[in-house]
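Got some structures for you, see below.
Next come two complexes built around subunit A: one with subunit B, the other with subunit C.
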Partner chain A sequence: MLSAKAKTQLGNFLFVAPYMFVFAWLLVWPLMSGMGLSLFKADLFGGATFVGLENYGRLLSDPVFLQAVGNTFLFVLLCVPPLAIIPLILALLLNRSTRVAAFFRGVFFSSSVLSVTIVTLIWRMVLIPDGGFVANILAVFGLPPIPFFSDPGIVMGSMAIITVWWCLGLPMMLYLSALQQVPQDIYEAAALDNSRWWTTLTRITLPSISRTVVLVVIMQCVLQFQLFGQPQLITQGGPNGASRPIVLFIFEVGFRRWDIGYAAAASQILFAIILLVTLGQYLLTRKRTGDA
Partner chain B sequence: MSHSRNQKWREVGVLISLIVLGLIMVSPLIWTVMLSLKSNGELLRSTANAFNPPYTGENYAAIMANSGVFRWLLNSAFVSTLQTLGVLILSSLAGYGFARLEFPFRNQLFLIVLFGLAIPEQAVIITRHQMFADLHLHNTYPGLILPGLAAPFGVFLMTQYFKAIPKELDEAAMLDSASRFKIFWKVLLPLTLPAQATLGIFTFLASWNDYWWPLISATRADMFTLTVGIASSQINFAQTSGLGYLMTQAVFASLPILIVYIIFQKYIVRAVAGAAVR
Partner chain C sequence: MSALDIRNVTKAYGPTTVLDDISLTAESNEFIAFLGPSGCGKTTLLRMIAGLETVDSGQIHIGGQRIDELAPGERGVAMVFQHYALYPHMTIRENMAFGLKNIKTSKTEIDARIGEAARILEIEAFLDKKPGQLSGGQKQRVAIGRAIVKKPDIFLFDEPLSNLDAALRMRTRLELAQLRRRLKATMILVTHDQVEAMTLADRIVVIHGRKIQQVGTPMEIYGRPANRFVASFVGSPPMNFLPVTVSGAKAVATLSDGTVFATAITNLPESRSWELGLRPEHVRVNDTGVSAKVEFVERLGERTLIYARLSDGTAITAEDVGLSRLNMGDEVHLSIDAQAAHLFDADGRGYHAETA
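Right after this comes the complex of A and B.
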């Protein structure tokens, strides 16, 4: 027989049990078995041989994978700074409680509710050199079209432009809610001092929301390392693999070539990169600001 | 005097920059709508006259006649709604459990759930795909809905929210010898409605727009969600039914979520702000 206390505790556990079951079944177990699978040479049809770390060794000497890693880092470098700065500027412009500000908040957030398939459909027709929106504008000024998707040196920049347009809504909202929490009396004191707006901005506003800036940068890094839909839908990773990110590599190896042990190893590397970058930024900023 | 005049000029400057930035922001959307109103034949020759008449509704008529798109729309609505309900139920129960109740290894389990926040979908996809293949869950509704239920964000949010509710409330109810479930259901749950709204909106949007999992799990056209369906007609971009028709698809597919957005805009903004404060 269970004691009364044990019974209560069992009853208590029943509240978390449904979620814990789904969590263990659909997240923890696939993660663990994925780590295991990465040590096998395996295909879809059940054949699997233990190869130890061979998949990882193969990845590190696979030019296609290394190019994908480089592409991904380039993409993150290209789109995270604009995604930290442009929404901040918008938030500073929109941090007021007028109807006009509310309207523009709605405008700048609207792209965030669209799915990646719609965003790519729209932007392909904006950037495509043959009859695209930008090409038409350039033509008015007698300028030649820009090969946004076919020049290997430009294609990741194009992906970054699309992504910034798509993703700037959430950081803007985060900044806005941070700005609203800056105590108003600091501003009133500054206004009495007749501080110029630039001084107010750099001395008061930015330091008060520095934690949100860090949050936005970390969130966007985590998110943008997972780039997939934009290049998969527009360029299929081309030209010559110049727009193939790590996730597209995993997708192709795992679900087109069915080399699932190899794909599992690549996904563990992506996981490790994301963890390291997040942890690194977290520790770095913690040291600097000395709190949180 | 000069101070307030500066102020006025600054207001004008802010307004002008907002209008310019806003136009840049919406110009791709306007461009898409304009193209969708053009005949495919004309667009094949040139898109230069997109902002000049004649316009036509033929692409919209064509989409209304395409039952596949409606099927995808229904699939999306069904999957997103059930996933949202599931997340709300599981997260509320677990949030209450972690915030209020005692059981062995509670803190350790919560820590593991927190760690789950850092697991990207791609790190689990290969083995999850295999598991679902073994269970014959691909191309089924449960197959599309289940993975979304494992996301730890909701549990985290609800736990924080339950913790912020004063304990005196449930202690008073405890004196009335109400059961734990009754306290949860009658006393505490109604107080969490703002958090439920936040979590519900986030989950619905994420689910509606998810591309990665349905792309891998739903391989039959009749099980596509709207995102995957639109992607499937996009892959052979050049040779498909025509630019105007594709752009009409984009407009048509954005409409439901944009309408939801406009109706719930106030709540969505509040939801984002609420999640930021955590």
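Right after this comes the complex of A and C.
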């Protein structure tokens, strides 16, 4: 017979069992089998030979992969800071109960609901040097068009602009909900304490929503390290691989060259990068904010 | 020159007027309580003094200077909020220093003021803790401390005791009274608790229905209520109101059962109807007097409250000794101290004996 405690524990387990099963089946198992796969030389039509860490060795000396890693870091550096700061500014401006504010909250959030296909279509029309929106405006002032997609030094910046426009809705909403959690009477106390707006922002508002700032930065890092659709649809990684991120590299290796062992190894490296970056940020911010 | 001078102030939210033509002055070092039921506008009036609400019309002056157009921080007031409103991410010391740093007070001056306030309020032990680590009573002291260090012309308290439990509230009330003696500053307290107002204030401002109903010392408010609202709002249990007819120069009041009381009230005007106002302590259970039937008995220990009904159906509350043997349903006789009675005319205006 089971003891009463064991019975309760079994009962508790039964409640989480369905979720645990799906979690193990759809997340843990693919992760593990991906790790396993990365140790094989395998293609999509069967035939796998165990090669140990050879795939990883090849990756670290593959200039195309190393370029993709560099591109990805550049992209994250270009678009995560704006994605942390611009939505914060918008949220601070729109955190009021007027109709105008509600309208603009809707406007700024609306881009988030578009699919990447639509987003890239729109921005291709805006940025394309040949008759695009920006090029037309520049032409009015007699300026030459900017090669947004064909200059290797500019193309990742263009991707970042598109991505910031596409992704700023959700962080803005997160900031707004955080701002609404801050009790109003603290601001009244600050007003009576002669606090100017900059002091109020830096000493009252930002500390009050610091957890959300950390959340937004970590979330955007995780998301933006996985850049794929924008360059895939606009430049296919060009020119000269200057806009090929890691995920596009994985896609090409796995589904164009059918070298899925190699692709799996690249996936593991991306996984490790994201894990390290987010863990690092988490530990860093936790140390700094102390017990708050 | 008065410390606070409120002149014809009006405030409306949309079509709803919450305060209508309010005028009031407070002397230097005076402790004023705004007393009234929930939603009477007393907190709005306080917040207008603080600058957290705009004034629709009228003016507010502090120390002779018009302040209703100044920013909250420039008015020389400090406020203690109902929910304390401490900055949660700052230590207690930083909470108290914040306002002083903003006006560029020197470090040594800040330290000296915080040290003094902490000593007075006995919060030295947790100056380096955060508000989340403190109990409600401790937070309350910190909130008061944050006001003290600013050395304001006027302290504003917005229901400061309402979040504390009964025992702590009584202690804090006592401490507030002592603090007041020590600080020698003008203080304004908003409360719906008449005991707070009666025990702390030099003068009470009773607010109800957009208007100031009466301004007076606690004993004036209690002993000579200006109208029926003040009479019924202040005093626990509330005053009894008995419909009477009135005659004579020294008014003689007659109950519907024919019982006659000679009051000490003179010079009454004409009125369609009259009510006799009697505090429960002036209606005592006795061997003779008006007969009534006991409906409920409340034994408070040192005295007993008798809720009874007269033969004409009027409810009346009376007092009996602590060891009263009365029970529900008993017939009693109530002796009424008519010399202490008040009369209220058809409009609710109060009339009192000359030497009440």
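Definition applied: the second predicted complex is superposed on the first by the 267 of 292 C-alpha atoms of A that agree within 3 Å, B and C clash if a C-alpha of one lies under 4 Å from a C-alpha of the other, contacts with A are read in each partner's own complex, and residues count from 1 in each chain.
In the analysis below, contacts are C-beta pairs under 8 Å (C-beta built on N, C-alpha and C of every residue); 3 or more make two chains touch, one makes a residue touch a chain.
Note that the coordinates shown come from a computational prediction; the quantities given were computed from them, not determined experimentally.
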After superposition on the shared chain, which partner residues are touched by A:Ile118: those of subunit B (first), subunit C (second), both, or neither?
first
For A:Leu94, is the partner it touches subunit B (first), subunit C (second), both, or none of the two (neither)?
first
For A:Gln268 in the superposed arrangement: first (subunit B), second (subunit C), both or neither?
first
If you tally the residues of subunit A touched by each partner, is the higher count for subunit B or for subunit C?
B
Between subunit B (first) and subunit C (second), which, if any, makes contact with A:Thr199: first, second, both or neither?
second
In the overlay, answer first, second, both or neither for which of subunit B and subunit C A:Phe133 touches.
first
Is A:Ala189 touching the first partner subunit B, the second partner subunit C, both, or neither of them?
second
For subunit A, which residues belong to both interfaces, subunit B and subunit C?
194
Going by the contact rule set out above, which residues of subunit C touch subunit A in the complex?
50-52, 71-74, 77-79, 81-83, 85-90, 98-99, 102-103, 130, 146, 150
Which of the residues in subunit A come into contact with subunit C in the complex?
183, 185-186, 188-196, 199, 203-204, 207-208, 210, 291-292
Subunit B - residues contacting subunit A, complex
3, 10, 14-15, 17-18, 21-22, 25-29, 31-32, 35, 43, 46-48, 50, 89-91, 93-94, 96-98, 101-104, 109, 112-113, 116, 118-131, 146-147, 149-150, 152, 155, 180, 184, 205, 208-212, 216, 226-228, 230-231, 234-235, 237, 243, 246-247, 249-250, 253-254, 257-258, 260-262, 265, 268-269, 272-273, 276-277
Which residues of subunit A touch subunit B once you look at their complex with the stated criterion?
9-13, 15-16, 18-20, 22-23, 25-31, 33-34, 37, 44, 90, 93-94, 100, 104-111, 113-118, 120-126, 131-133, 136, 139, 165, 170, 173-174, 176-178, 180-181, 194, 197, 212, 222, 225-226, 228-229, 233, 247, 250-251, 254-255, 260, 263-264, 267-268, 270-271, 274-275, 278
